[in-house]
Every structure is written in structure tokens, then in C-alpha cells.
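Order as written gives the chain letters A, B, C and D; numbering starts at 1 within each chain.
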């Protein structure tokens, strides 16, 4: 006791030293809510991972590891999963964590009001076995279920009930601004759009690897301002660093760049089902993109290495399928992809009856992906060189999705990051024939449809054997490539910038995990 | 005067109604808020459900009427993005913008009038001509570029001033002020220069031309013929008369400052209502956009009213004309 | 003369323009004694106001005094600049402008404008200045001066305002008043009152007055002597009675003939052929010769003789019978 | 005082102009001469951009992405191509892009000012001439417009216009919407000046006389009013032109400007500011300097015109 006291006195005496452990970081988008079930978006979930925890979590290598559950196993032949919960965990308000909170969080996150309900579509029932054991039953065997709930965060049932936040509400409720998780940090001050202040959760169950005493998140939209803030030392960390500034930052003594490959694949999409082009000056009666040869011509026409070299400054990697190599289920066997070859592109176009080319409209967001507008501009130029004359219409993302939903495009740019880190994810959302009931193909704007892909998906979803599963994933990847359903371009890079005295860990899902940060 | 003010207020109310209508009709074209509120695993049914919940499925007149009804009671609804009452958010953000606007407004007015008077009195002097020409540089570059260049020079290269934000703030009542802390004051410098430069130039040029106009008036010649000191002529006689038309414009410029703050706040990440508005546009946060435009209009109307009332104190002719009920 | 207040000798004012130098005042000489009213008459553009402005040092650049001398109460003032000149204005030379509507600062009360002037020039207290301001207003015939001291210019009628202007010009008790068209902007009914006022005040105080006007009637009413200006030159100078009844310069003659007052009883008004030349096109010789019915060869080459002791700058002055 | 006798046959219009005060003042002002020359050079090079520019940056097929980020006068590492002012992120020749971008900026600026001028003059004439309710409505609208910041007005119009434009035309409409938006936020000054002049003119006898002999005074007034308001309108137009060019740049920054495939100077600056810290300074610097020089010369010219055309300030 006495020793503890003198230690505290020592800290107090060197109070200014504590400032060194203050950490400020800037992101482009402020997490729009503090409710872990209200919005299923990377900025929200990524940030809340520091405050709330799930039954499982991802480690530095993206592998699933125990969090609030210490272990889990398949029940029987795959009727469900049993999770053994960690004991002695307390929420930040002091309440104890029990199986009731897991059940409550399931009901909350799977409710109609929640944006996370799709995670639980395979779940038939959640059964509380005892205070620290929970069975999650699935409608069919689900080998990747633990992978799919890494972002399912557990909320204290008592706290939610006391504060009238039993269900998420897009109009906002107590949980929109306040938090009570089991995570390593608790929020002490939240001013939306301005700052969010975090302090370590004193009673956290884990071993703290960080040395932060206070952390502050500030949204800075303008990339130049964010960069200036990092260079001038006003913030310790920014995400993202504009790719063009990477080279310069690397030479900067006080700043370092942490680079990696993100899970997000950037691709071009087509109107498979459209009768005719919407924005063509001459080809108004036909839809050239319905012809796989034309789509393949597009793939041949685009000089991806040049885009990577110039626009992405060597930070991105080319990819030939809808997921990046870091994802589970990535197909290594895929072959025969279209490489940059303008002659081949012209040949295919001529073969398809478009020897003179045609004009069309390319839609592109201008604030969604890294350098999205610049990439689209480059693509416009490259396609023009083989006779496909695109008119580029770049717009903010809030106009972009409605346009795509209204089928106002002849070609579009899309980025996809699989929330499950599994190759099944893009098949479900981008390659399945759209089906509202089954929640399939909800981002398949062009209505691409292939019977074999539709047939394989449910089997992939329930196959427990990894080898068999991979074979089916390989088959789907090959079909999508052969038909050029999409033209995958590259995997978007992760580029973080930090002051030289900061140690941190970059995870491919672009989540910034505060408990891995050390201020030197 | 009371009748006059009442007439102005009635006119203002009409203006507000028109602004509200225009603003509201605009939002339908800004984009769709739904996509920003739902994640990537949403379905078409989710979209429809949320649309219904937000009342976006109703017809435009119905939406507008509801908006007016609520707005009249000071209720601007809940922000789609933050899930909090819009009025509360605006109140929280307003001090930042008002302080920035006040400081840059003060800079613009003080330097604008000083330079304007100087260049008018020393009409053909070298320094006056230099100031006149140099001031044009300030209006020949877009504000955002000036801001970025200032950041580049003073924050990144020289490291003297913070590159973004408001520094530390102190809470006084419901008002958060950055004027009482060293970091807060330092943080104010670059944004207020960026914001005030353009207005300063306008005010300076206006003061100069009005002052030149006044200086050739008979009463100035008469004052000169009476042997009054130059100081008295320039400041007591000329400047006071110059201020009559200048005050209107300054009033309008103050309004413009608040609007131009949108750009400055974006560049400097200044946590005011302008940044809030830009974010709201980005996320199609319709209640926030509507409330912002209403707030801005109310402010303009208020400023205009204040300008009108100021006239009564500056110009005795109006006192008689209007109070006398001519 | 010991009581000469203002003495102008060979005064020339020049304005450089891109089409050449213009001389709105060209070699003009005259004196004004204490208590005397000298009328200066001429068409607009003849240079009469410019001469007045030169005396009080209010020529607006680039107009400037190019030659000649101006003496005030025995000291030469044409070369004075800045502060020295300012001290003279108001204190020794008062000025009354044409338009009382614009001569007064609309934003200051007349009391303020009066006390301000007095405090600038006289070593008196604020209270004393206030008292004198009321007295000055009373003197110029403003009824209820004490109450109206805080009124603003727009609350007065034109005639009343001109009274205020006169009070302002006289309040520091200058020895010379330059009245530049003081009645032109006023109603005819008020004109006579203002002239009478000006005349009375100056007689009482022994102030010299330079009364600039284009109105022969005003001259006849108020002035002791009159100078006639044409194209920047003084063409005739003499006692009012003499000049009006027997003009010696053909221009003066024409001017008289075209003035209703001077041609009473005549069937119709005369008109002088042509127009006064633009100041940058003043002809050689006597400037009036192109319009002069009596011009001879000499008039076309030599500018008229100087008015020294004589009356006119005409080589061939008209004799009396021609003038009637 | 009448004018000196003229012999009209010998006085060519050019001669009259060359003898005029305004030309004299022009000759005496180095600033005016210099800015006129600069504006003339810039306008001419914008107009003749296709003849001057080494490449056509608006033709996507001509671009080579590998040429991107080439520094001024240094050969590209991959292609060996060299560019006077370097290239931007798309491999576009910055010099050519500036020329073409200036074309867009000047076109938007001039068209917006012309639009504002025509609208302002028309509304000013109508409100001055018709009076009554029409005048109240027009001038009240002007007040509102004046209190409401132009940048917001422009954003508003941009938003609404985008919604009304059929999807097929949305690509080309950005420029026209910019013109509309900037023009609509700029007409008030013109209207005020013209209305003032109309009110003065309306009271003159000849208008009454024209009415009495049964002619519509409107046409006559037009002929009398327009010359009277010519100088203020010219001054306002010049200064508005500079403002319009800057406004276009600002709107581009806020993302409602000219499209990146056919960039204006403002769009170029928006693109270039992203490369300020990364060392590719030429992408920002050259368009920014061009904009500065252009706007500054126009402003200086406007300034000089204001002084020169205002005889009271001479």
C-alpha cells in the first residue's frame, strides 16, 4: 500500500511526463454514432472496437482470437456454436458481464432497427446455458460463423434498459452518444464532429500493451489539412495519408508511414441486364457490355500497372479477383486473366461488332475510395485509346449510390471490402442473382446472374471442409473471371502516417486499435 | 421607428419563408441520406423502412409543411447523422463560428477602415497606391487557396501556428470560448486572417471611394475654409459621413463572413456551423442543412435590422424623417 | 493704403492638362480695404471663384498659383503652406459658399460646427464657445438661437442655413470674407435679406468682403467697387456706380446690356455674339476680341493694358455716350 | 460654355478616342497599360488555345498516364517525354491544360457576367420604369439576394439545377449551371445602377414629351439610359468578371465546379492543392499563378476604369 502510494506520488511529481502519453489522431470521417449496432460501417465499427468488445476479436494478423469468450466449439454436426464466456469481466460503469448481456446484445444487434442484422441471418436461436456459457444455434452448419461476428459488440443489458436504449434508433438515443463497453478504453467526452476523448478502462480484463493515458480522436476532412497537422505535430497519427505524399513523408525525420494492403478491392461494374446504354451518343439500341467479349476488352484496355505506378504511387497491388490475397478463400489457382493489351482489346471489340468503338457514360464517386476520381479519369483515357469513349461523371458518394440504384450508369467503379474477411462475402453481395428475400446480390447493381454461382453459394456457406470449400470458391472465381462479370483492378492500399515516436500496429481491415499504440 | 422596425420584421419573416422553401426544395436534390445511414449489408427493404421512418416517402409539400410547423416551435428535428436534436448541435457549434466571424470581422473592419482612410487621404502617395494594388492580390486568389498557403507557410514550414482546429476552449455558461486560452487565441490567427482578408479589402476599397466622394463635398471644403485641423476634417467630418453607406455594406459583409466561413472552416477544420453544414451536405443530413440555412437567414435579417437601427444613431436626417412619420 | 486688407498683384493660376496649360486666372490685380465690399463679376468659367480659392489656399490640385503675390494685412500669404495657411483660414479669412444645403455637415449639429470652429482658432473655453455660438446665431438673425443650437442643418430652411453659414464664416472674426455666389442658390425673396445681412455685419465689424457673383443685381445692391472678369482676366475695375452706368470695356458693356436690371427701360435685352472661349483656347491678344464689335488690329495681337490706376484693360475704352 | 466647333468629317472616331481624356489617362498609367497587355495576352492565348497548346488535354485518348507527374522541363523517367511546365496526375501537359482551363474559366466568367448584366439591366429598367408592385418585388428580391451570400446561392442553384437536369445532359450541364449560379448571384448591382438611372431619366421632359405625342417612351429611354449607365456598368462588369472567375474556383473547391476531365483553372487548383505537400508543386503553382495574374489584371483594370470613368474622382 505504502509502495503504491509513493508510486502515485512519483507520477504526480513528474506530471508533465504524462503528457507524452497523450495521443491525438485524425481521421477523415467522424464515426457517426457510438451505438455499435446502429450502423454497419468501417469508421464506426473500427473506432468502437476500442470501446466495446465481441465474443471474439481479430489479432494483429487478422486471426480470430478469444475476447469475451475464452473458447468456442461446434455443437454436434454443426447445429450451432457454443461459446464459453470470460469470467470477471466488468463493463466500464462497473456492471459485471454475463451471458444475459450476450443474449441481449444478440436481440439488439439482430433486431429490425439494427444495421447489423444480416450477420445473424444464419442464426436460429441463442440459448443461455449458464451465466458463462452461450449456445448460438444456426439454421445450417456454418463453419465461418465465429469469423463473421468479430465486430458484434456486447452491450450491457442493464445499462441499455436503464437508459432507454434497448434498440438502436437512427434518430438517436442515449447509446448514440454514450458508451458502456468492456473494451480497453472508455469514452470520457464525446463531441460529435469535433473530438472524442478516450481514457483507459482501469478494470479491463486484458493486459494493457499500450502506455496511453488519454487519447483524442479528431475528424479532419481535408487531407491537406490533416497532413499539415501531422507534419506540424498537432496530431500524432492520421489515416489515411494521401498516396501522393507517401514518398515525401518517408523522407521526413519526424514522421513515418505505415503501409499495407487493405481488404478493399477496386473494380469496374457493368449493366448486365440493361437493354441499351444510357449515355451513348450512337449506341442507343444495344448494350455492348452485355457481351462478355466487350467486358474482356475493357479489362485488356486498362493499363493497371500504370495506374498503380502513377495514380497510386506504387502503394497498391494488382488483383485478379474480387478479394485480396489476404482474405480467407482467396483463389491461388486462378489463371488466364486479361492483361493490358490494346490490340487484344480492339480485336475483341471488332469481334463483338464494335470496330469503331462506342461512347458511354462512366459513373464514379469522388470522395469514397483513394483517388477514385483520378483513377476513373485515367480509365476514361485508356478506354478512349481503344475506341471506348467514356464520359466521366464523378460525384460525391451521397449522390452516387442512388444513381447506381436507379441504374443511371453504363459502367461504374466499386470498391468492396468483405466484412467477414472471406471470399464468400463478395459472392453473396456482388455475384449472386439479386434476391431481396434471401438477402442476396444486394450490391449487384448490374444484375449479373450465373446459375452455377447461385448454386454453389449455399454449399460454400455450409461446407465445413476447408479443401472442398476452397475448390468451390476457386470455381466461382474462375467463372467470374471467364465471364468478366467485373473487372477487378487493384487492392486499395492502407497508408497511415504517424509521428516517429509512435509505435502501432496496422491491421488490414483498416481498424485502428488503440491498445497497440505506444508513445515513446 | 417602431412601425418601421415592425415592417422590417414582417418583411424578414417573408424572406425566411422563401429561404426555407428554397432551401427545402434544394435538399431533395442533394442526395439520399439513406445510404449513409446504413451499412453495406443493407437490403432494399431496409432502405424503404428507414425512408418511411424519416418521413422521406411523403410528398414535398407535406414534408415542407411539417418542417415549418416544427421549425416555428424551434424544433428542427433530429440530425440523421448524429442522432441528436439539431437545435442542440447548432447551439454547440455556433460559438466557434461566431467567434471566428467576430474576430475576422473586427480585423476586416479595423484594418479596412484604417487603410481605406489612409489611401483616401494620401490619394496619390506611393504607399497608398501600393496598398491599393497589394490589396487586390487578396481578392484575386480564392479563399481556400490562401488558407492552404497560410497553413503551409506558418504551420508546416515555420511551425509557429496550429494547422487546424480551435485549440483549447473554456466553457462559460453554454458558450465555449477559445478567446481565453493561449492555444485558442493562436488557433484563431490563421483562420481569421483567411476569412477576414477578402472582407478587409472590400471594406477598404469601399471606404476609400466613399471617403473620396465625401472629401469633395462642399461641407468638407467649407470645413477646410474655416481652418479646421486636418485631423478634425478627416475623422470628425469626412469619416463620419463616409460611414453612412459603409455601414450597410459592412453589415452585409458580416453576413458574408458567416457564409464564407464554410470554406475557411473546411480548410482549417474549424468546428463551427459552416463545417457542420458541409458535413451535413456530405451526409445529406437534411434537418441540419435546413436549420443551418434558417439560422443564417435569421442572422442576416438580424444584422440588417441592426444596421437600420444604427442609421438612426448616425444620421440625424433619418431620425426626423422616420420618427416624424413623413 | 494703410487699411488695405487684401492685396492681389498679378495673380495667375494655372492648371496643367494633357492638352496644355490652362490659365483660369491670368495676371489679376486688385485690393480690398477694411469694411469695403468688392464685387467680382463674370460668367461662369471666367475665373472669379478660382481667384477666391487662390486667396484662401483652397485650389484643388493640380491647379496652383503660378505667379503673382497675395498680401493679407501686410503679410504675403501666397506661398504659405499646410499648417500656416490653415491657421489663416477661418481666423483671418472667412468663406461663404454658394449652396447652404451642402455647405453644412449634415451629421453635426450647427452648435457643434460653430464651437468647433471657434475652439480651433480662439483661445476660449468650451462654455464660452457655446455662449458665443448662440450669440453668433442671434446676430445672423436665427430666431430662438438658444433652442436651435443643437439642431441639425436639415432642420433649417435654405435661407436660415445660409445665415448659419455666414455665422460660421464670421465666428472667428476674420478680417476678410470671401463670399462665393452666396445668394445664387436661394429664393429671390431671401436673397436680399442675405445680402443685407452680409452688408450689415461687414460694415459693423469693418470686415473686407470679396463678393463673387454673376448677378449684376447683387453687385448693384451690395458692392462698393466691382471687378469684371473675362476668360481669366480682370477687364474692368471701378466704383460700382461708374462701372454700371458707364462701362468702359466692351465686354462689361455687353454684360450690362444683357442684364435686366441695368437695361431697365430698354425694349429688349442685348446679347453678346458668340461665347466665352474655353480656357485652353484663349485667343491671342485681347481675349474678347473675336466677340468685340470694336476690335481693331492691335486687339488681336496685344493683350489689353494692365489695370493699374485706370479702370479697364481695353486698348480702346468706350466713351460714356456709347455706353448708354 | 459650348464645345469648340468640330468638323465632324475630319474627326474619325479613332481620333476622338485617341484625343479623349480616357485615352490620355490610359497612356499615363503604367498599371493600366500593363494589365491591359496581360489581360489581352491571357484572353488571346485562351481563345487560341487549340493553336498554341502543344497537346489537347480535353481529349482523353491522347493522354498517357505514364507521363503523370513529370516535372517542368525534366524528361519523364518512363517515356522520356519532356514538358514545359510539367504534367499533372493524369499525364496532361500543365501548360496546355492551363490554356484550356483558362478558356473554361474565362468562358464561365464572361458568360456569367453577361448573363448577370442582361438580367440586371432588364430588371433594373423594368423596376425603375414600371414602379409599383413590380419594383417592390424586384428590389426586395435584390435585397434578399444581396443579404444571402453568393456562394450559398450558387450552391443552392447548383443543387437544384442538377436535380432538374435530365441524366443524359448532366455531364455537359456543369458549366452552364456554373454560369447560371454565378450570374444569378451577381445581377443585383447592375439592377441597382440601372434602376437609379432610369428613375432620373423618367422625370425628364423628353420622356413626358414622347408620351404626349403617343410614342412609347421606353425605347427612347433605353437609348438615353444606356449611355448614361455605360461607365458604371462597365466598371461593375470588369470587377464582377474577376469575382466570377474566383467564385468559379471556390465552387470547384467545394466540389460543384467544372468536371475534372475538362478542368477550369479552379478545378486545376483543387486538383493541384492535393499535391502541395508531395513535392509536385507545379501542378498547383502554375494554375494558381495564372489565376492570380488573370484576376489581378482584371481587377487592376477595373480599378483603373472606376477611377478613370468617374470624373468626380479625377
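Things to note:
One rule holds for everything that comes next: a contact is a pair of C-beta atoms (placed from the backbone, for glycine too) under 8 Å apart; a residue touches a chain by one contact, two chains touch by 3 or more.
Predicted model, so just to flag it, every value in this text is computed and none were measured.
The chain occupying the central position, as judged from C-alpha centroids, is B. In this assembly, the chain whose C-alpha centre lies farthest from chain C is A. Separating the centre of chain C from that of chain D, both taken as means of CA atoms, is a distance of 51 Å. Centroid to centroid, with C-alpha atoms defining each point, chain A and chain D lie 46 Å apart. Centre-to-centre separation of chain B and chain D, using mean CA positions: 25 Å. Centre-to-centre separation between chain A and chain B, using Cα means, comes to 39 Å. Contacts with at least two other chains are made by no residue of chain C.
In chain A, the positions touching at least two other chains are 224, 228, 231, 367, 396. In chain D, the positions touching at least two other chains are 273, 276-277.
By the touch criterion stated above, chain A contacts chain B in their complex at residues 30, 32-33, 35, 38-41, 112, 115-116, 118-119, 169-173, 176-177, 191-194, 218-222, 224-226, 228-229, 231-234, 367, 396-399, 401-402, 417, 419, 429, 436, 439, 442-443. By the touch rule above, chain D contacts chain B in their complex via residues 31, 140, 144, 146-152, 156, 159-160, 162-164, 242-243, 246, 249-250, 253-254, 266, 269, 273, 276-277, 288, 291-292, 295-296, 299-300, 303, 306, 312-313. Residues 59-61, 63, 65-66, 68-69, 78, 89-91, 167-168, 170-171, 255, 259-261, 273-280 of chain D are the ones touching chain A in the complex. Within the complex formed with chain D, the chain A residues making contact are 223-224, 227-228, 231, 242, 244-245, 247-248, 278-279, 303, 306-307, 309-311, 361, 366-367, 373-374, 377-378, 380-385, 389-394, 396, 408.
For chain B in complex with chain D, the residues that touch the partner chain are 11, 15, 18-19, 22-23, 25-30, 132-133, 136-137, 139-145, 148, 152, 156, 209, 212-213, 216, 252, 255-256, 258-260, 262-263, 266, 278, 293, 296-297, 300-301, 303-304.
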